[in-house]
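We call the chains A, B, C, D, E, F and G, going by the order they appear; numbering starts again at 1 in every chain.
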Amino acid sequence: MNGLLILPIALPLLTATLALIFRNYSSIQRWIGVAGMVAILMSVAALFRDVYVDGIQVLQLGNWEAPFGITLVGDMLSMLMLGISAIMGLIIAVYSIYDIDKEREQFGYYPLLHILLMGVNGSFLTGDIFNMYVWFEVLLVASFILLALGNSKNQLQGALKYVIINLFSSLIFLFGVAMLYSITGSLNMADLALRLPEVENVGLVTTVAMIFLIAFGIKAAIFPLFFWLPASYHTPPVAISAIFGGLLTKVGVYALIRTFTLLFTQDVGYTHTILLWIAGFTMVTGVLGAASHYEFRKILSFHIVSQIGYMIMGLAFNTKLGLMGAIFYVLHNILAKSNLFLISGIAQRLTGTFELKQMGGLYKHYPFLAVLFLISAFALAGFPPLSGFWAKLSLVKAGLSIEAYVITAVAILVGLLTLFSMTKIWMSAFWGPVPEKGVPDHFGKMPLFGPGNLYIMVLPVMAIAGLIILIGLVAQPLLEVCLIAAEQLLNPSVYIEAVLGAQ
Amino acid sequence: MKIFLFNIILAMIWMAVTATFSFGNLLIGMIIGYFVLLVVGSTIDQSGYTRKVWKAAILIIFFLKELFVSSVRVAKDVLRPGFRMESGVVAIPLDVTSDFEIMLLANMISLTPGTLSLEVSEDRKELFIHAMYIDEGVDHVRESIKNGLEQYIMEVTR
Amino acid sequence: MLIMIALIFGVALVTPWLSGLLKEKAGWVLALLPLSSFIYLVSWIPEIATGGTVTQSTVWVSMDYFEVNLAFYLDGLSLMFGLIITGIGTFIVLYGNGYLHDNIYLPRFHCTNLLFMGSMLGVVLADNLISIFVFWELTSFTSYLLIGFNHEQEASRKAALQALLVTGIGGLALLAGMILMGFATGHWEVSTLLNEGDIVRNHLHYLPILLLVLGGAFTKSAQFPFHFWLPSAMAAPTPVSAYLHSATMVKAGVYILARLHPVLGSTEPWLILVGGFGLVTLLMSAWLSISFTDMKQILAYSTVMSLGTMMMLIGLGTGLAMQALVVYIFTHAMYKGALFMVAGAIDHEAGTRDVLKLGGLWSLMPISAVTAIIAALSMAGIPPLYGFIAKELLYESALEVAGWPVLFISVAVIANMAIVAASAIVVIRPFFGKQVKTPHKAHEAPFSMWIGSAVLAVLSMIFGIWPFLVDKNLMVPAASGVWGAPMNFYLSLWHGINLPLILSVVTLAGGILVYWHWDYLRDSIPMRVYQTGFAKFPVKVYENLVNGMLGLAGWQTRVLQNGLISNYLVTILIAALIGIGYTFVSRSGVILNPDFTEIYFYEWALVIAIFTSLGIILAFGHSRLTMVIGAGVVGFNLALIYLIHGAADLAMTQVMVETLTVILVVLVLIHVPQLQATRNLISQSRDAFVAVASGLLMTLLIYTATSTPLDMFISEFYAEASYPLAHGRNIVNVILVDFRALDTMGEVVVMSVAGIAVYALIKMTRTGSAKNRSEKINSGKPGSAKKKSATSGSTPKGKAL
Amino acid sequence: MFEIIAGICLILGGFFMFVAAVGILRLPDILMRMHASTKAGTLGIGLILLAVAFTYAEIGIVSRAVATIIFVLMTAPVAAHTIGRAAYYHGIKFWKGTIVDDLKSYYERSRKAGLSSGNHPDPH
Amino acid sequence: MKSLILQTATRWLIGIMVLFSLFIFFRGHDEPGGGFIGGLMGAAAFTLYAVAFGTEATRKVLRLEPITLIGFGLLSLLISGFIPVVMGDPFLTGKWLFLDWGGSETKLGSPLLFDIGVYLCVVGFIVVVIFSLEEEKLDHGILENRKSKKRKSRSGKNRGYKHGEGK
Amino acid sequence: MEALLPVIAGSIFAAGVYLLLKKGLITTIIGIMLISNSVNLALFSLGRVTRENPPLVANGELIPATPFANPLPQALILTAIVIGFGLLAFVLALAYRSYKELGTVDQDTLLKDPEDTSKAIVNVTNDNRGKINR
Amino acid sequence: MNFFSIAIIVVYVFLSLSLLISLVRMIIGPTPPDRVVALDLIAFVVMGYIATYSISSGHPVYLDVAIALALIAFFGTVAFARYIFLRASQRREDQHV
């Protein structure tokens, strides 16, 4: 029993409640926001230590032993996801201080942000499938309103699609949970992992697996379920797009990884082949979508989709190396992608637009910003010695090691296309000449550091860029923990034993 | 004072519905009742209900009888083929004045023979009802209500 | 060596500040960096010359599945390349400093240039396959930045992207090849791989490995048909062209093949692919070179030709070919670097590089002239210059090709004729003849800009006269490195009258002949056609590929991401139907054993009521109120069903929630008008089909899942624990507030957030509406009326939560 | 004994429910129909609840049943009043047997007098 | 829609409704009911009042801002969760305290506090939602529809709106 | 009547899906209402309900009278109902506000995916932001 | 098969018929108020069902559901009435403007 496990869920709720009560005092809210994020980060760090040292940690809530109560489980995968979400939370909280206007703050931006974190962390920690549904709803409802907060036309247009489709997906999820319960009589995932293999009608279990694939697939924005994402993620303020693009879809990926390693391993030949196909199509369609757009954040949104494909591919390989690669890819991608969104925000503040065709001269006037962009962009494209390189390397290695040549080739080519659209941004927004008209008069004059307080936006970006480089240069530790996570995933008995005790 | 009475009444109702008659439960009932009044107390106006309880009893019995009779009559008409009654919207001049009285009258009218309250005039002088049976003429309808329900109500309320 | 490279990178990163400090002196200071590296490498010569090799290894990542060491391996080959990189690099830093002295981006040039230098050193020195790839990619990246140096110009940007994509895809192929090689042998260090050659050659994956590695090498070293990026890359400033595109980076492909020759080489496919492509490339590009008048273009294609030559030699794989290769690499680096620098100097001073617009610069730029002459002679392969030795060796090795020597030698000779002509063009046209008016008033270039070329030219003369200066220390070890076994040979200018010499004379004569008729030849139809075919066409192909990809992308987006949410939903639903339905039917199959006996008539009434209400909802699409009422009735009846099955709390909740929902809908209906327009019949029937199918699927799934009894062990535990342990008699409620309280907590949070959300959605004034007038104008839109009142803010409105 | 009473109450209650239903189906205009639903409906549900009270003659249940009856008696007419008023406002096709409509003239007067605010739409 | 009858009736009904909601809430742990249903009932009472008298009047009756209600609700959820933690048990473990009033015992416990939190949140939620929608000025809707009508008649393209319901 | 529940659930689901795909936003929302109702019923039916005693422990008893209705699905459905209710309220408000801003409830006409979203961001030139402690 | 159980069957018959008849009225309408009246009556019928079931099943606790329905259904009806009222007045205003 590790009581700390509740903190990543309870702390955000506490912070949100306080922020709600102090909703009319912006500055207090901001401080609460940042402080809360720091607290979460610290609690996660402590947990991480426990898991790293003593293995999987569990907490039986209400002191009802599994499978009767709800269990919180912290294995290495959960820890890594928690860690990244805590880091992103802190980064975004700081970035928001500048990016989020007073009115949004008064209408509950900070409480909502923390509730979002609560939902995300809950999904990462819970060991109960229905409870996961609840956490999905929590993060969904928070994301709904964060997306619409501000009521601009674009936001509402985006939000409507996002909301309707995600509502539908949650209902499918709920139905899947019901099916799972009706064939096993249990909801605790560890217990399910024990009971599912004993179900005679294996085909039905596989069918349920497909239901979950659809439900989580919509959340994770895989082919052909991703349309809502590029339709909406580029509409809200950048801080929100960043945490959406970075974190939210990855919750879906996490759920897929969790369920398809712990629960649905009866018919791997079938399910994981489907996953492999999905992965390929997701990569390609996503990257092609990006190639056909010229709006900074929309390009990034399509790349989210494309890169989900890589993660699914790693999952579909279903080998240590593949899973390790997938997990590493998730972590790296959250950093790089969010950072690109954050940079797009700074660029928009400077040039007044997200339209690449109306941007230019950033390299000339803001070389430092350009460097930050290059780091994130080429990390995303998997260039050495940045974080993305190790993700790509391990996935390619995994693919070749099980002789999945076609998908590996696809992955490699998609990587090249990713590079292509990153350079598209670079060449028009940074290298491109300063457009004649439509440039705000502070362009070129407003410094990154100094009057205008732009630095509040730049510092978080620098922090992430630093992380990207650090992970790239000192990859060993992260790769190791990812490998530990992968090993735990491929050996569910450890997880089951931690939750239910020795069988 | 009235508030306190109402509080006790609420406590009684509480005991009744919880069906546990103990000092503790009465206390809880009082407390809850107190909270209820705290919330809705401002809405209770000056109309006294403690006086003439037995008049109220009479009113209720009368009313229940009327309800039954009217329902039977409606039943007859509903189940008998064809309709040969005459109906319409009739204005009833009011003697009752307080909100409570008007409300009570209107509701009882709605529940009794072939009449249904639709509207109270701005100046609260008139009550507009829809009457199913004005075969004996509009005035008869007015009379029956004024001498019937309104009388009983006034006896209770003043 | 790690320290050396790290140092270069480190300094590179601070150059912007550094050159801010030192102004135009920066170049001179920075030049010390490559110079010191050069000296450091020179200090290894004695050891290497005596057949020794050096390996230094630092663990980067080390775990099962992952063994990546920052390992370095210094032998003759890598040493020679290292010396070229650092040596020429030194001069390039100076040259660039002079060439770009008035360019505001000079600091950025130094930075990226040094970064490139470090990466390039990494490529040639690295021992571990993965780390080779790392540096390889870094060279692609840095060259991207350097080619796009004049980024305001469209052309530069295009060229940069072209180079990046072509070399990028090659790099990825190389990675795959290397990983396969690693899997095949289990070794990731080149130094160890060198002894595993047989394993690789006999491995099942040999051909894929070879092809992938060649993909990397050919793209990087601009072999046909990937040669086109190199001439376009001439958009880069001359120092870059001189350094990357003649002396160093383009040789990376040559290097990797030379390096892996002992592992992959001397097989039938190797000879055919490497030798063949080399041959084609050198023939094609040699004659392309003289179809241009821009000095840099001429030099660029002559470079491609040289690269082709090197490839051919590697392909031949004989000992002699190895000698020729190393000598050729060495001399080419010297004369081509020198010529590029001179071309740059002329461009810089005279303002044009078009040989037709130049003439008689001899008197104005004497030093450059002399330098150019020597370098050109070396390029033409005329004694006593080092280039001559290289060409002799080339001819010798071509003559001893097993199979068809005639083909190889004739191609070599014909190609070299063109090169002789090219050499003549780049020297005689600018410097001799009568002076012509040039954009700038030409004068001699500054010291920083001629010193490099001068030194290189002089060296190629010295080494030509006294080859022994380098052969023992450099050439022999380098050749052995390629050969994979110790070699021994010495070079000399004079071998007596032999076939190669005669061929050289023929070549020279032919070259002069070609030069004589150049002006006519250049504009002749065949030449134009030839140029279009081999210079312009590949670019077209590349562009069409890119545009085709973009077209496909656009089409896909129009089809999939078409903005219609109903289409999105239908797609999702169909995917779900197929995915779930197919799996269900094929893997599990439908199991039906319901028992319809236990149904009372009043339950049938409920069922009928539900279906009737559904009918009402579907039929009254034109009256939302009726639909809502129908939904309400459905809800009530569901509540009854729950109640009948003993779910009192559920029934209670259902009736209340249903009613409140209906009330909410009605509250919204008051404000939102009815939409009359409906879809066409096709999409309606499509929707109907999808709807019915999914409903049916759900029904069958439930029947199948409920066909087996349910294990109620959890509920039984709750029943036993509810009162004794949790002190509650209503088990459902105890589950909600105790057994599964966390669910409830989440549920309540959802609800609370929804409340805040509704508040924000309705009360919050339109953000930014005040900011941009443009949207305020179109007051035709209902939004505007709202906006005004919103921004004005009535009592509760605008007030925050 | 109680059982008999309860049974009678049940049957009567059900009957009046039925009457109410037939009423809203058969009666010629909306106000007429509402007579049926209000009176018969209220009586019907009241009787059934009474039956419950008689069946379980326990104080708790009886009190609850009675409380419900009282509540229904309080609410049903109010509901009827609001719908009737709304229906009238929405516009009624009176059946042929309708001979007077004082409310019409009243609305006319009040609109002319301009003190229409009370009966004119005003959500606040 | 001002109606004397409705208003007067509401004055009397609201008391009973709130009472019943509390009754449902308190017995929830032992018989059907509980925080959520009770909360719905209470919220229904206040919203009925809002329908009859308008939201401003209801705010006066309610005194507390609904959002604040939600805040306190969440707070009590957290407290009930952390009470056992303070006593060394896992989060959300039920802790009970039994009071005996001459014969009938009343039990207080952290689950009860939890349920109170639920109750508050539900009331806050429904009230805030219904108030927000209630307070929207109706005339926007009307004005806009008229505009769209006019536009329709001007530029003949049909935006396809109709007001009221099919008759 | 358990045997009928799957049919009922399926039919409600079908109707809901059909409405979900319709043009009008409100209709879509009513569709969502129905779908969530149907999923709840499905969960109920999958919980193997039969006409049994309610899961209540009678006074003086320690365990409920068997056979009792399976309480777990009930609790789950309750949670789902509440969540669905909250979300539905949100969607309704969203539809309302969207109508106000976009001037239509027709999902086909004015709900195209937005392209340039620069205007969604407020105050390009930044005024008071960043002064953290105000 | 005593009188009481017959009575229960009878009342179920009545209630079922009432439910379906009310639905007919809901279908034919013609005006929204008609449908609201029908819904109001259906709520009553459902209350009747619940009450009867709380007798026939022997579980008086179900009565509470009926109470809840009584409270809330009234509110619902009022809301509908209000909606119709406001719509109607909108229309009138439109005519008068």
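Some notes on this structure:
Throughout what follows, a contact is a pair of C-beta atoms (placed from the backbone, for glycine too) under 8 Å apart; a residue touches a chain by one contact, two chains touch by 3 or more.
Because the structure is predicted, anything quoted here is derived from the model rather than measured.
Once chain B is excluded from the assembly, the chains that remain, linked only through touching, form one piece.
Between the chain pairs E-G and B-E, more C-beta pairs are in contact across B-E.
Farthest from chain E in terms of Cα centroid separation is C.
Centre-to-centre separation of chain B and chain G, using mean CA positions: 22 Å. Taking the mean of the C-alpha atoms as each chain's centre, chain C and chain E sit 58 Å apart. In terms of their C-alpha centroids, the spacing between chain D and chain G amounts to 11 Å.
Between the Cα centres of chain C and chain G there is a gap of 69 Å. Chain F has residues 20, 25, 42, 46-48, 53-54, 56-57, 72, 76, 78-79, 82-83, 86-87, 89-90, 92-97, 100-104, 106-107, 111-113, 119-124 in contact with two or more other chains.
Residue positions 13, 17-18, 106-107, 117 of chain B each touch two or more of the other chains.
Taken residue by residue, chain D touches two or more other chains at 15, 22, 34, 42, 58, 61, 64, 67, 71, 74-76, 78, 81-82, 85-86, 118-119, 121, 123, whereas all remaining positions touch fewer.
Chain pairs that touch, as defined above: A-C, A-E, A-F, B-D, B-E, C-E, C-F, C-G, D-E, D-G, E-F, E-G, F-G. The touching residues of chain F, counted against chain E in their complex, run 54, 56-57, 78, 82, 86, 89, 92-93, 96, 100, 103-104, 106. Residue ranges of chain C in contact with chain G, taken from their complex: 600-602, 604-606, 608-609, 612-613, 616, 623, 625-626, 629-630, 632-633, 636-637, 639-640, 643-644, 646, 648, 651-652, 655-656, 659-660, 662-663, 666-667, 669-670.
Within the complex, the chain E residues that touch chain F are 30-32, 36, 125, 129, 132-133, 136, 140, 144, 148, 159-160.
Against chain C, the residues of chain F that register as touching in their complex are 1-15, 17-27, 29-30, 33-34, 37-38, 40-42, 44-59, 61-64, 68-72, 74-79, 81-83, 85-90, 92-97, 99-108, 111-113, 119-124. Against chain G, in their complex, chain D makes its touches with residues 3-4, 6-8, 10-11, 13-15, 17-18, 20-22, 24-25, 30, 33-34, 37, 41-42, 44-45, 48-49, 51-52, 55-56, 58, 61, 64-65, 67-68, 71-72, 75-76, 78-79, 82-83, 85-87, 89-91, 120-121, 123.
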